[in-house]
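Naming follows writing order (A, B, C and D), and every chain is counted from residue 1.
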Amino acid sequence: MDGTTASPAPDWHVERWFNADTPPTLQALRGKVVALHAFQMLCPGCVASGLPQAQRIARAFDPKHLAVIGLHTVFEHHEVMPPEALAVFIREYRLTFPIGVDRPGTPGPIPQTMAAYAMQGTPSLILIDRHGRLRKQAFGTEDDLRVGADIAFLLTEPEPSHDP
Amino acid sequence: MDGTTASPAPDWHVERWFNADTPPTLQALRGKVVALHAFQMLCPGCVASGLPQAQRIARAFDPKHLAVIGLHTVFEHHEVMPPEALAVFIREYRLTFPIGVDRPGTPGPIPQTMAAYAMQGTPSLILIDRHGRLRKQAFGTEDDLRVGADIAFLLTEPEPSHDP
Amino acid sequence: MDGTTASPAPDWHVERWFNADTPPTLQALRGKVVALHAFQMLCPGCVASGLPQAQRIARAFDPKHLAVIGLHTVFEHHEVMPPEALAVFIREYRLTFPIGVDRPGTPGPIPQTMAAYAMQGTPSLILIDRHGRLRKQAFGTEDDLRVGADIAFLLTEPEPSHDP
Amino acid sequence: MDGTTASPAPDWHVERWFNADTPPTLQALRGKVVALHAFQMLCPGCVASGLPQAQRIARAFDPKHLAVIGLHTVFEHHEVMPPEALAVFIREYRLTFPIGVDRPGTPGPIPQTMAAYAMQGTPSLILIDRHGRLRKQAFGTEDDLRVGADIAFLLTEPEPSHDP
């Protein structure tokens, strides 16, 4: 979580957004802490643990300072998890935060953002600080106390100055 | 649950079976109590409550006397829940009991078995006695004590005699 | 659970009853199935699992046919679990079924009913049939499907005839 | 949670400590963030929610920076929750953080520390910053994300300088 040596978070390669009027790019979110939740709609651990935690995060923190973003990182069974299926899933599970569809990899099965972050699988939780730097990346589900604390640590860091 | 006035359970209209070498028809299951669990793979209540209960039922009772059968009764968003998607869902959620795909309705959205039983939605739990009679049908999730007792009541009823 | 070889359930040695106008003796309960839940108020497994299950049983079955009875079987730390403490515990946890205080052992630490049933510890669940016979005794917590079924099996057995 | 206007946390009036070789006074804890969990051993909400959360807090944070302290604030049914009963409770529930017995009130039923903090009941969670100031006090149970964040906010504040 040390910020002094953190690298910029890789850009997101999203082919389509749900729950977003304007695509929430990393650049547009500069100044906020970002909790990026990578999932697949047919991944049991994502449905049982990861996504409910993402929803709790969205409720617990002020959206002026923290943005929760979902990312559908399909790396297997692509043919049965197209964006049209994800749209139904989002509606049925009443997910309200912005969710992007990770752009398919070429030629491999790993989608582009998932590859750029070298994620190990789903669910993965990624925290990005107000300066757009990658500060935490965890595969699997961590407990709420730990995640709440990690988000708070980033929230207490000063906002970037708005120089040109 | 009174058996004296119970009607025969309607036949199942299944276009494809998973987890079954031989299609488990109602006729073939005569002599066993049957717990039929109707679900849709993108129905949150089915994933969170109904299917886990079906798996607990399958573990708690002797398969010589009780058969757990799943039925994928897609009545909305058909285009994103084809049998190919269900196949992945079954594998990811490690469901091991036989699961049939309810045959699509013509022309309406309600599949044929769902219509024949006049189910109200998913999840639905249906209990069929050793004589093939419909003894219980419940929409939503009931608690395990009640379901365990209802199954046991049917298990204590005598097996049909094997007359010609 | 076989009834043909079952022995009569040992009598209860209770020094004081809570939630009961008339002491519910085994004799008085003849004709009903009895679920006897043995616990200690400072036993974590009893508080977290056993007692909530006993309350669910009391809600799930018709009290005309099934009686839920609690038994406070203190076999350690007697000095801090007197009946006065149990009275507060019962009120705070809103337990509504009859609860008896097992009579202290002489001279050992094991109370008399607990000894008569040779219970291994708490929580223990004991099922007694309509004829007053001991049909099941389990140390620890069993899942609700199994317990619901076991109770139902006993409920389907015929009531004793009321001969003089 | 604003620290600039926070008052010093009232002193603790403890008649006896468990799980502590040396009484952990507020003065001795200066420099650490303190999570003080007030409970009664026969309070169902404390047993089901508050104390498990206190244990999770103790596991999630480095004890060099965060101290979890329990406080047994008996304000009703004093006669059945003496320190001897608490000792058994602590052992049975395997609580490992220091737990103090709040000194009885004179003449009222409210113990002295509970009165000094004007707690509304049990469970109550109190957060004290590195300077010994009262920063948060909540009656009932809050979710882990919120509590984890509140603790983290206090952990990021600078330690007091060690002037004479």
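Points worth noting:
Rule of thumb we're sticking to: contacts are C-beta pairs under 8 Å (C-beta built on N, C-alpha and C of every residue); 3 or more make two chains touch, one makes a residue touch a chain.
Being a predicted model, the structure only gives us computed values, none of them experimental.
At the interface between subunit C and subunit D, two copies of one sequence, more than half of the residue numbers in use are shared by both copies.
To fit its Cα atoms onto subunit D, subunit A must turn through 180 degrees, a value rounded to the nearest 5. The chain with its Cα centre farthest from the Cα centre of subunit C is A.
Averaging C-alpha coordinates per chain places the centre of subunit B 35 Å away from that of subunit C. One finds 51 Å separating the Cα centroids of subunit B and subunit D. Contact of a single residue of subunit D with at least two other chains is seen at no position.
Within the complex, the subunit D residues that touch subunit C are 42-44, 47-48, 77, 79-82, 84-85, 87-89, 92-93. Against subunit B, the residues of subunit C that register as touching in their complex are 56-57, 60-61, 143-153, 155-156.
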